[in-house]
Amino acid sequence: MDASRATGDDEVLQRLQALGLVLPEPPSPLGAYRAVIEAAGLLHVSMQGPVVAGHPLPRGLLGAELTLEEGRQAARLAVLNALAQVRLHLGGFQRVRQIVRLEGHVACVQSFTQHPQVLDAASELLARLFDTRAGHARSVCGVRNLPGNLPVAVTLTLEVEPSRR
Amino acid sequence: MDASRATGDDEVLQRLQALGLVLPEPPSPLGAYRAVIEAAGLLHVSMQGPVVAGHPLPRGLLGAELTLEEGRQAARLAVLNALAQVRLHLGGFQRVRQIVRLEGHVACVQSFTQHPQVLDAASELLARLFDTRAGHARSVCGVRNLPGNLPVAVTLTLEVEPSRR
Amino acid sequence: MDASRATGDDEVLQRLQALGLVLPEPPSPLGAYRAVIEAAGLLHVSMQGPVVAGHPLPRGLLGAELTLEEGRQAARLAVLNALAQVRLHLGGFQRVRQIVRLEGHVACVQSFTQHPQVLDAASELLARLFDTRAGHARSVCGVRNLPGNLPVAVTLTLEVEPSRR
């Protein structure tokens, strides 16, 4: 393990702190599945919404109940939940080689077209936190609805260094 | 190959039998693609719906033409079709290391919020059949419609042991 | 590297030429992400739409603003954009072992059911270009809308030979 890897976790956590952000308590799965699965060099994180324990959350559709900026804030919270799941699973971010994929789902009205701007709130946060490891291919679509009437959800895939066990 | 792996296929098939379930004849692809692709240690199964040859199937939206329980039954049939594709491709389930990912699409009315309960019918069946190998990260969204007006579809990804060829 | 691999790029480009097709200038990402990420033996291409610089494009929903055939043409253009991203990233198609996955999103009216026919325009093109390497598992759903009111978008995943660096 080289030096840059050895301080990887510190870097991400230090950047979170510098941005005044705290990883939330990762939400429990909503059924008979797991929050994170590691397989074939990749870490698959289950779809995460912007739910944060104890904090009220706007529900509904972008373009109706939520503004673009509220949608962006929801995307930020959703990706922070995904990162909280990663930290719980790996114990930190040292083993993260790069962010591979960010899939976004936006619940919105028919006339909505600004899906990329919503997702960018999550992508920009990943770029600030992971720097050269931020990578990620992206997809996004506008759906009818999401579990529990959430406005935005993200699904994250990461590449990880082989485990040392 | 250790002993637990050698009986892996038997276990899944025995559990199916104990539940009174039979894997359906796997549906043919609906176009110029393949039902299953193996790549980089992962098995990607094409999206499967609840179509079973010779059996009529409710079509339409959850919350309108279908109840929650009918949606759950559709999710069960869809995941059984996915497993039938896996068996056809691998010849059994011995090489399945773990279920990696289950993506669900639910065609539903605007006010529907119970997507996790629908998908849980599939997740719970995977848990009973694959036990410690059931794993799986999950995502689900509510869409406008699916091919042929299907109410539910699932897309399964599995990790497999390296082939012995 | 065996002989069939060494001519792989030529084959795909020759087939494109024989079909009278030219890979478009690959579109820039719409935000803080990358067009292509290589990880764990797989190449993940960000969602691509049918946008081609300088060419007007029908926008809207299949079944309303667009016909099935216009949707099929959109799927063809979207997958050509995805292939243009792959060529830009890899410098050619020699390292492509197989097409692993094609995910389609179709923006359509409620009564639309012909999603497979739309995606088949992309799948059939992949089959003609990649022959025995065309493979691919597929999924498709009908969504409310896509970024910028695009009618169709595709997300491509490929397996690649290990890099020689």
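For reference, chains read A, B and C in written order, and residue numbers begin at 1 within each chain.
FYI, a residue touches a chain if its C-beta (ideal position, glycine included) is under 8 Å from a C-beta of that chain, and two chains touch if they have at least 3 such contacts.
Being a predicted model, the structure only gives us computed values, none of them experimental.
Chemist: Give me the superposition rotation angle from chain B to chain C, based on Cα atoms, as a multiple of 5 degrees.
Modeler: Best-fit rotation on C-alpha atoms: 120 degrees.
Chemist: Mind checking chain A against chain B and telling me if their interface is mostly the same residue numbers on each side, over half, or mostly different?
Modeler: Both copies touch with mostly different residues.
Chemist: From the mean C-alpha coordinate of chain A to that of chain B, what's the distance rounded to whole Å?
Modeler: It comes to 25 Å between the two C-alpha centres.
Chemist: Residues of chain B that contact two or more other chains, please.
Modeler: Within chain B, the residues that touch at least two other chains are 40-41, 143-144.
Chemist: Residue numbers of chain C touching chain A in their complex, please.
Modeler: Checking each residue of chain C against chain A gives 29-37, 39-41, 44-47, 103, 105, 107, 143-149, 153, 155.
Chemist: Can you tell me which positions in chain C touch chain B when the two form their complex?
Modeler: On the chain C side, the touching residues are 40-42, 97-98, 100-102, 108, 110, 112-117, 119-120, 123-124, 126-127, 134-144, 157, 159.
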